[in-house]
Structures are given as C-alpha cells and as structure tokens.
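For reference, the structure is listed below as structure tokens.
To keep things simple, chains are lettered A, B, C, D, E and F as they appear, and every chain counts its residues starting from 1.
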Amino acid sequence: MRILVVNVNTTQSITDSIGEQAAGAASPGTEIVPLTPSFGAESVEGNYESYLAAVAVMEAVRAYTEPFDAVIQAGYGEHGREGLQELLDVPVVDITEAAASTAQFLGRSYSVVTSLDRTVPLIEERLHVAGLSARCASVRASGLAVLDLERDERVAVDAIVEQAARAVEDDRAEVICLGCGGMSGLTERVAERTGVPVVDGVSAAVTIAESLVRLGLSTSKVRTYAPPRPKRMVNWPPVGEGRP
Amino acid sequence: MRILVVNVNTTQSITDSIGEQAAGAASPGTEIVPLTPSFGAESVEGNYESYLAAVAVMEAVRAYTEPFDAVIQAGYGEHGREGLQELLDVPVVDITEAAASTAQFLGRSYSVVTSLDRTVPLIEERLHVAGLSARCASVRASGLAVLDLERDERVAVDAIVEQAARAVEDDRAEVICLGCGGMSGLTERVAERTGVPVVDGVSAAVTIAESLVRLGLSTSKVRTYAPPRPKRMVNWPPVGEGRP
Amino acid sequence: MRILVVNVNTTQSITDSIGEQAAGAASPGTEIVPLTPSFGAESVEGNYESYLAAVAVMEAVRAYTEPFDAVIQAGYGEHGREGLQELLDVPVVDITEAAASTAQFLGRSYSVVTSLDRTVPLIEERLHVAGLSARCASVRASGLAVLDLERDERVAVDAIVEQAARAVEDDRAEVICLGCGGMSGLTERVAERTGVPVVDGVSAAVTIAESLVRLGLSTSKVRTYAPPRPKRMVNWPPVGEGRP
Amino acid sequence: MRILVVNVNTTQSITDSIGEQAAGAASPGTEIVPLTPSFGAESVEGNYESYLAAVAVMEAVRAYTEPFDAVIQAGYGEHGREGLQELLDVPVVDITEAAASTAQFLGRSYSVVTSLDRTVPLIEERLHVAGLSARCASVRASGLAVLDLERDERVAVDAIVEQAARAVEDDRAEVICLGCGGMSGLTERVAERTGVPVVDGVSAAVTIAESLVRLGLSTSKVRTYAPPRPKRMVNWPPVGEGRP
Amino acid sequence: MRILVVNVNTTQSITDSIGEQAAGAASPGTEIVPLTPSFGAESVEGNYESYLAAVAVMEAVRAYTEPFDAVIQAGYGEHGREGLQELLDVPVVDITEAAASTAQFLGRSYSVVTSLDRTVPLIEERLHVAGLSARCASVRASGLAVLDLERDERVAVDAIVEQAARAVEDDRAEVICLGCGGMSGLTERVAERTGVPVVDGVSAAVTIAESLVRLGLSTSKVRTYAPPRPKRMVNWPPVGEGRP
Amino acid sequence: MRILVVNVNTTQSITDSIGEQAAGAASPGTEIVPLTPSFGAESVEGNYESYLAAVAVMEAVRAYTEPFDAVIQAGYGEHGREGLQELLDVPVVDITEAAASTAQFLGRSYSVVTSLDRTVPLIEERLHVAGLSARCASVRASGLAVLDLERDERVAVDAIVEQAARAVEDDRAEVICLGCGGMSGLTERVAERTGVPVVDGVSAAVTIAESLVRLGLSTSKVRTYAPPRPKRMVNWPPVGEGRP
C-alpha cells in the first residue's frame, strides 16, 4: 500500500520530518511518499497561506503520476481536504481530524496545542466543520512559529508542555493533540512530561488511512465529494509539475 | 467610493451581470468595479473549484493597482473571504453572509435557494462558519447549473420559485436568499411570485460595504485577520496580471 | 427618507444624544426623527422596565402621525422589536442586532460592553433569540448605570475600555460593540484606546435601515410578523398621545 | 397557601376556565385566585398582544392588595415572566415552562400543540430562552384561534388530536403539552385518544408553585431578577386598579 | 401515596439520611420507603460503580413486593433512570434532574456542587442527556469523597460554600444544586452562607413525584420506555432478594 | 496482539458471527478473542437490558485471565464503555463510536440503520455523549429484532437497504453505518445496493483498536477514567467466572 503524505508548507525539511514520522507509524508493507508543494509559503500560518496551500497540495497530488492508495494532508487546521476528496477515488485523511478522532477514543475531552495564536481560529473552524468540536476542550497556542519548532527542540517542548498542562488543569482536557505537522517528532517528550496521552496527527492519520484501505472504504461520491463536473478551466491546471 | 466586486467564476458574462446588479444597488458616488479572476473554472460548483477560486479572487484583487475602498466576493458559499481579510485593510464582504445577515432583519428565519444539490453543503458550512446558521431554515437546490441560469430565465425563475415556495411552506422560512451570484437579476420576479422578501446577495453586499466605509469601520487586525507574516513565498505570487 | 429612532428610556437628554449620533451616521437626504416614549423608566436596566419600554416604544410609534420609512429601536438588549415588526409595514432595526450583525463583518468574534451587570443576561438572550450569539465572545458589564454614562465621560470611557481590553485579551473578541444607547458618543475614544473596531449600534442601525429601504425590502408578513388579527382590545390603545 | 393565576387574555370566561382547572389541581388548603388583566387583547395571539399582556399581567399582580404565596402566568409562549420575577419575592411559574419541565419527566421528548400557526415561533423562542428546547420534538399548530377553542370542544379536540398524533408518529414525541391556557379542560380527552401522556400547563404549574412554596424556595435575587433599581418612572404605574 | 427512595450506595447510613430528608419534604399522607441496594459499592464515585448501581437499584425495586406509586433514584449523576422507566408503570424521578428542573424555576442559571472532581463529567453527561444543560453554568467539585460528607459536616459545608461562591461569582450561577445524595442535610446551612437559593435533589424529587402522581401522569410507553420485550434472560434476575 | 471482542447479548451465535467479522478485519498477528457475557438478555434491545449488559460485559472482561491488548464492546448504542475504560489500562473501543468515527472520514454526514425503533434513542444518546452527533444525519430503524437478523438474511438486507436509501435521499446521508453487532455480515450486500460506503462497526473497531495499540496510546487516567477508588464492595464481584 502506498500513502502520499503531503506537507502544506514548501519547506523541505518539514516534509522530511513529517515523512519520517509517518514512516515510523506505518505497518510493514506500507510505503510512505512525502510530497512538498511546488508553490506557496515556507510555513503556513494564516488563511491566505492556507488557501494557497490547499490549491498547492491538490496540484502536488495531481502531478504525482504513480498509483497510490490514500492521501494524508499533513497540515493542522488547514483548508483543502474537501477538494482532495472530490478529485480522488482513494481515501483522504486530514491530520487535524485524524488527531481529534483518535483523541476521542482516549479521553472524554481533548485540547490542541498549536504554534501561533493567530492559527487558533483556523483549527477551531476546521474542527467545527469536521463535527469534532463537541469534545474539544480548547485550542491553545504555544507562541512558537512553525519554523521556530525546528530550531530548538527543548524550547519547543517547554512551550508546548506549559500549554498542555494548563489545558489539562484549567480546560479539563484529558488528551493533548499536537497541533502542527512540524511538532510530530516531539510527541513522546510531551507525553512524558504531561502524564496524559499525546496524539500526533501524522501518525494517527497513517493508521487511519491504512485502516480505510484495508476495510475497502473510500470517500462517498453521492453528493458533496462527487468528482468536479466537466467544464472549461481557464489557465488551469498550471503547466508542468504542478507549478503555476 | 470605489468597490471591487469580484466574480468567482471566470465567465465574463456572469461578471457583467453581477456588476450591473451591484451598480443598481450602489449609492450615487459609488463606483463599482467588477473583476473576473484570471484563472479557474468557468463556473464554480464544488470544493475543488471553490478553493481554486478563493486563490484566484485574492490574486485578482492583488493585481488591481488602483485604490479602492471595499471588496465584495460575489460567490455564494465559496471559500476565501478570510484570506482577503488578511490581505486587505479595507472591508471585505461576502455575498453569502451579506444576504443572510440582511435576511435576518426581515423575518424570523430564511432559506437559501441555490443552483445544484452538490453546492448545498458548501453553503451550509459557510453559514455555519460565519455564525449565521441559527436562523437558516434550509438550503435548497433548484437543480440548475450556474451556466443554465443564463440560458432561459423563465425556466430558472420557475425552478427557484418552486423551491422557495417549499421553503416557506415546509421549512417555515419567512425570507428567501438567492444563493448564486448568477441569480442576481431574478430577485424581483421571484419576490412577486412567492410573496415573501427575496434578498439578492450582491445588492445586499453593496449596501453593507458602503455602510462600513461610511462608518469608518474595517476588518479587525488583532488576531485572525492580521496581515500575513513576512516570509519566503515559493513560486508565488504568479508572474504578471494575477495569472499563474 | 425619514427614519424614526426611538429611545427606550424616558430621559430626553438620552434621546437627544441618540438622535445626534443617528443624524451623524445618516446619508444626505435622510431625516432622523428621535422619539421619547411617553411613559416608562427614566433609564431601562432590567426586565420589568424593558417590557414596559417595549410597549411604550410601540405606542410612541403608533402615536406618530407623519409618514416614515423605517424605525430603529434604540435600546440595547431590550424587548419589543418583534411587536413593532407586526405593527408596521416598514423595516424595523434593533440596535442590539444592528451592532452584532455589523461586528460580524469585521472580525471572527465580538464582545459587547454594556452598563450594569444585571443587564448582561438580557443582552445575551436577545442575541440568542436573534440568532447572533454564535460569534459573541462575551457580554461584559462596565458597572456604570445608564444615567452615569452622561455624568462623566472620562470615567465612562475608562470603565468601558477596561472591559473591552479584557474581552479582547481573555475572551478573544476581535470587535467591540458598545452595549447601551447612551454610549453612542464614546465610540471613537474607545476605538482609539483598544486598537480594535468599535461598533455603535445606533450608527450601524441607521445604515442598515437606509440599506433596507433603498433595496425595497421590509419585514416578511408571512407568519411570525403578520399584522395583529382584528380583535377587541380592552382599555387599549391608551387615550391621547401615546400616554396610558 | 394562596396562588394567583393570571390570565394573559382579557376574556373573563377564559379566566374562569383556567381558574377551575387550577383549583382542580391544587392541594387541599391551597386557595387559587384567578386574575384577569385590566387592559389588553381579548385573546393573545402574537408579539404585540403578548408584550402588552406582559405589562398588563404585571400591573394586575401589582394591583392585587392581599398577600399571596406564588404567581402563575397562565399564557402559553407569552412574554413577561422575567419581569414578574423582578417585581416579586414569591415564586413565579410560567405555564409554558411548567408543562415542558413536567413533560421531561415523562418521556424522552415532547411536542407542544398550540392554537394558530403564528404563535408557534413565540412558543419556540420562550422554550429556547428557558433552556427547555433540547428535548422539544416540535411545536405544532391546531389552526384554531384561542376563542374558537371555547366554541366547539369536539372540533377543538379533533384538531388537537390530529396534530398530536403526527407529533408522536412523525416528530417522535413521547409526550404532548397542550400549548394554550384555553385548552386546559381538554387534557383527558386528548390523552385518551393519543395514548401518550398529555400535560396541561396550568395544572402542572399549580403543583410546581406549591412545591416551591413548600420547599421554601423562591427566585434568586442575585443578578438577573434583582428588584428594579429605585428610579423615576414617567406616567407609570397607571392610576387606579392597574388600569392605564 | 407510597414513594420508594432508592439509594445508589450500599451504605445504610446514607440511606437513612436520604430517607429522613425525603420524609421531611413529603406531604402528609405520603409514605417514604428508603431502599438500599443489595450489592455494589459503599459509595458511588465513577462509571464502573455507577453502572453497577444502576443495575442494583433496578433489582432493589424489583425485589420490593408491596405496591408503590413512584420511585426516586437518589444518586446524583448516576446511570440507570431510563431502565427503571422501562420496568415500571409508575413515575420515576432522578434527583439530578429533579434538582436541575427545580433550579430552573428559580434563576436564569444554576451550578451543581458535587463531591469529587472525577464525578463532574458524569453529572455533566446526565444533564446533557436529560436536556437540562443549557442553563447549567458549571458543575464544580468540593473535593470531598461521598463518605467524607458524613464525617465532619462543618468541613463539608465550608468546602461546598467555597465552590458555590465561586459558581455565583465566576460562572454567573444564580442557584446552587447540591450534587450528591449525601449532601441532603446541608441545604439550609449552604443557603444561609451563599445568599442564593440552594436546591436539594432529594426534596425536589419528592415534590415532583408527588405532583406527577396527583396529576395522574406517568412515563410514556410509546417508544423509548416501552416495557422490555419478552425474551430469554440468562442467569438473571438473580436469585433471592435482589442479590446476585 | 490480542483483542477481546465482547458481545453484549448472551446469544452464542451472535458472538460467533461478531468474532468472525472481527477476525476478517484483523491484521496478521492479531488474535481476536470473542467473549459472551455470563448473564443478561439473549438480545439487548432497550435500556434495562443495556444497563445489565454493561455490567455483564465488564464482568466478562474481568473474568478473562489471560493478558490482552485492547477491548472492543460489540453492542451498538449500548451503555458501559466508560466503565470498561476505568477498569482497564488497555484501549477500549465501542463499535457505535468506531463506526461513526470511521464514517466521518468518508462523507460529510452519515446515518445509522439499526434494528428496532425503540433502540433509536439509545443510539442517538450514545452518539451525543461521544461527541459524534454533529454529522449524524439520522438514526433509522429497519424494524427487525436482533434475533430476526439471523433468521433470513435476504429479508434483513431488504429492510436495511430500504432505510439506507431513504437516509441518503431524504436525510442527505452520504455514508451508512450498520447499527447492530448482528448486522456485521451484511455490509457488502448493503453497500452494493445503496451505492454509498457502508461501515460495519465491528470491523472498524478492530482497525482502531489495532491502531491505538500500535501507536502506544491508551485511555487517559487523569480524571474521568481514573481507576475506581479502593473501597468496600458489597456482594460484588460475583463469585466464579463472572457469574452473579
């Protein structure tokens, strides 16, 4: 089974780290193919960048010419999953939803700890749209920009643990989701220091994608995610390798 | 005052019709500038096309070099308004929200009559995200594709009136919103035949945009819609006139 | 176009201040007619007084014998708007709803800063009934009685700004609505000191009423706001000039 | 113990019928005092009339000079209960809430069958404000005006039973509340023909008012229902026997 | 009239205290029969113990061979009420719901003060299922285990009052429900010290059960609470006096 | 990895069928151990039987003396999952939640088709408690008792398909969950005839349980699902093999 794991940022090192995390969660026999969009922001931290990433991720998947069995959109709180579901016959799993859905099996409520304060509303809205907000205790910002996460892991873990602890104590969360693709590698250290289960969305998404494939299930095409109707597209898709 | 009214479809005749409708609703002294995106689908009827339109609309506005006072996104149930709000200092008004917001002053509940069944969920989600769904009685599809609306207005009016009547009778709507930029010219005929107020989103958006400008109000920059952080963009913005 | 702006309090100086604020927001050619109820409390700060004001406002409008194009109910969180909608064919705009509806175009969430703590629940319930509470971050009391607002504007601005700042910081509001007709004149000073858009309900209501009139839209008469059925009224309407 | 049961309509025969129903539900030793407002509509069927009734009921209670232990507002879906709670130290029970609250002990969901279609929204909003709508399956109109209920009981029972049956079958209600003070005498006949528990709000309110008095409980005065602040009232209260 | 009041804990002294409280609230002519389950935990403080108590309570009622008119389940936030409703033709009243329902007549919002932090979620879920959570301001834990409540009443009252005060001040509750059958005797002392109405669920349940019996109302058998279908039960009911 | 799959009914043939379905979905190396409770109803179709099953399932798991890695509760809409989570350190997966959670990755909304009408409310409440009801379009009954499902598969498939088709057409479901452990074997036939993805809860639960184990995640013990406190249990646990 081959699963595409698509970064929403155009920074290759993040793609590498996400790919590594995904591979670590995959079953024997699953091939993880990490993809980087050919256009967009080096780090996605807001609506403009996220809408652009939505399109870039779709084009990256369309430009991939080998067969594959499932796609993971590896951005937390980002737009675009619904478009991928229209374009593809194979299952599409968003890491925001994968993490929340997994967390709900582990405790009565969960919180998300993400990067910057400005991304909190995006995550809240995506959970709302996905029908996964009823048991979300809070979405909290660590204050770290996406690219800062890579710079000093100790600082990153400290900032995340601080917010996770407040989520457990003040917001009554019982599980923590790491709300940024770039936090994937920090799961264990955060779990050790908070004493509650910590869910990494990338790993969770890999197991869910594998499960859907194994169960022979894929996106319903009956209404919302039916394939786009045939029509004239102006100046799109972009020419060559998914690049506009 | 100059207001940009941006079509989400790349079909010029729809832009013309939207522009005409907007001009009809504008106050003396307001200049309406209709814009057509330089890339994307001839008609937007689904998530893939809508995400693409979101980006195309943003680039169309960025490519406009004259000063302007407000922007109207003239697509019903489409993605993207939040991105425009980040990019701009002037008010941004989405016609989905303008219509619903206006309808709420006219009756206890409203319904939206849109084009195809597959676009119903998009509209529902946008109203949900906008916090305008509590008084939405239903979103109903006329079964007409966006481009069909232009072909035979009598057929279009009949199909819309049929659903509007059911919304009033069965769903207990008291106001009807026409849920497609391309329906703008049909408002009066639908109102005559249904006996309830009928709101055209484009016209409503023009009055709201004018009001915000007159009141000196614009998008809050304190958190969600703060300008994008300065960062490296890969292969973007596209070169030349907003075209990828 | 003539718009009646009806104070809910029987204090003439508040009517004057509301009228002035409304006139400042009106377009050229719009005549603002401020009205004071002929009976009721000098300041409305609770349910008993608010129900009484609801009836007094309706009688004040009924006693007005000249033609008019729209009515604004200029009390924040007060009862009665639905009754006016039954009695009149012209649009009715409540300032609570006008402010919230306008705020929703400016940010992802808004807070209301009002006068006394005891009026907070009334505002919350009116927003709830109006379907405008989903994006309401909080309703906060400044602790100032309605009549205190007129006594020392500096004290009033300080008290409002303190709560507005906490709404932005703690409740994550992005826009502030001034929740009392008597606060109308303070908008600019509060906006300067908080750094977020501040909406005055009276001004917002004027632009909305003008917009509805210009668009030829008025209250749906199909169900909830149909005219009262003809029937015997006992000892009502009161005799002479709207006075019981 | 003495309980005031206040009609919202100014029709004496309805007061008599409500009083009789209340007396039938009262414990030995409880005195029921039925009151008719001194002004307002002969039958309350809409917002204007309901707001007027709210004030008239409050004045009727204020004009009652003997001591009493509790007050029942005997109008279904009417405004005003909150005002009475401010004015009084004794418990106030609204029949809309009494019926719903009682119904919730009898089945998983309940429906209300009321008089005219136009009163449905008022009842829905009052249940919403009271926090009792989560288990409300539907509010249905029998199509009978309030005064028609008295004319031909057989016709009334038939019309109510028809809607009750649809509520049970289509809306999955398990209990029926009779949604009009004037329906109080029909409870048994409706229950016999529908096979589900039928709750009369007046009777339910009497037992709840008695219970609160026996338990020594009354309205919290800590915030929302604190007594009105001392202030200048203009032309109010009306002179003589609660008449304006 | 005879009302069974069933403790959920197997500790006889708690049954005694609950029975005494119930008897104090009962009308003349009402006989209170307190029952202790024959199996289960000495104090119920979590889901495992609560599910066991649900079954033990049902068996205790089944083992009671005299006629009775109503049943009260005297555990706060416990499972099982729905099962009793299926088994019995007489009304069933849960003290969690009785307290909340009563509190809603006394103020705009209520809080529950319970024993241990771990029982907070159980109470929240039962209120949610019962449709009584819309006006619940908070559920707060005193930190006292059920059996501690009996040890030192002064300590118990202090701990409860502290949380009640925070509920009123911080969560804006206007009424307090004592959220543990074992707190029944402390109502007056807590009320005195908090200045808001305090509701004891056992007392409230007695008046509600009496009211339902007097009104001739009982559980709807039309769907959810229909009697169990006749079927083969394996190794159940247990042999002898409700003991497994 | 060893996963216990516990039937809620005491009918062995259902256990066998569930076990077979689970084994079919398991990865190589996963051992499925099907368990039948030692007491309770032959088929669980209501609250009384469901509460009894909750306890019987817990005792069946406690009586199992070999090590295991996860537990699946294989009853649709049944009580008890929270108790198992308190008792165990390994992950617990309920098939109601597993199916819904999986369905949410496949379409915008899902419906459940279950056995008898009387079980519909139980399923709705469990989805509500689990925070999975926002995208639930409907829960529909096929009208078949649990034991009927085994008698004639063709009749069963017809009845399920009829309701599934109405769920897709009328309720706008995009995915169907088979709402009864006994329906597990019918998934493919229903999927073929409805044209939308059909989720079997047992299979879904197996993949989720495996995923949680592989990711090293288990129930949070920080609050709601902490182990029961040490205390005196009266006449429980039952003596010998989980039998009372």
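Assume a contact is a pair of C-beta atoms (placed from the backbone, for glycine too) under 8 Å apart; a residue touches a chain by one contact, two chains touch by 3 or more.
To keep track of the chains, here are their UniProt names: A, B, C, D, E, F = Hydantoin racemase.
No experiment lies behind these values; they were computed from the predicted model shown.
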Same vs different contact residues, chain E with chain F, by half of numbers used: same
Relative orientation of copies chain D and chain F, as a Cα rotation angle in degrees, nearest 5: 120
Equivalent interface to C-D, taken from A-F, E-F or D-E so that over half of the residue contact pairs match: E-F
Gap in Å, rounded to a whole number, between the CA centres of chain C and chain B: 28
Distance from chain E to chain A - Cα centre to Cα centre, in angstrom: 44
Distance from chain E to chain B - Cα centre to Cα centre, in angstrom: 53
Junction residues of chain E - those touching two or more other chains: 108, 120-121, 172, 223-225
For the chain D and chain E complex, residues of the former touching the latter: 25, 27, 91, 93, 97, 101-102, 104-108, 130-135, 168, 172, 174-175, 195-197, 199, 203-204, 207-208, 210-212, 214-215, 217-220, 222-225
Of all residues in chain A, those that touch chain B in their complex: 10, 37-43, 45-52, 54-55, 58, 79-80, 82-83, 85-87, 117-118, 120-122, 125, 128-129, 145, 223-226, 228-229, 231-236, 238, 243-244
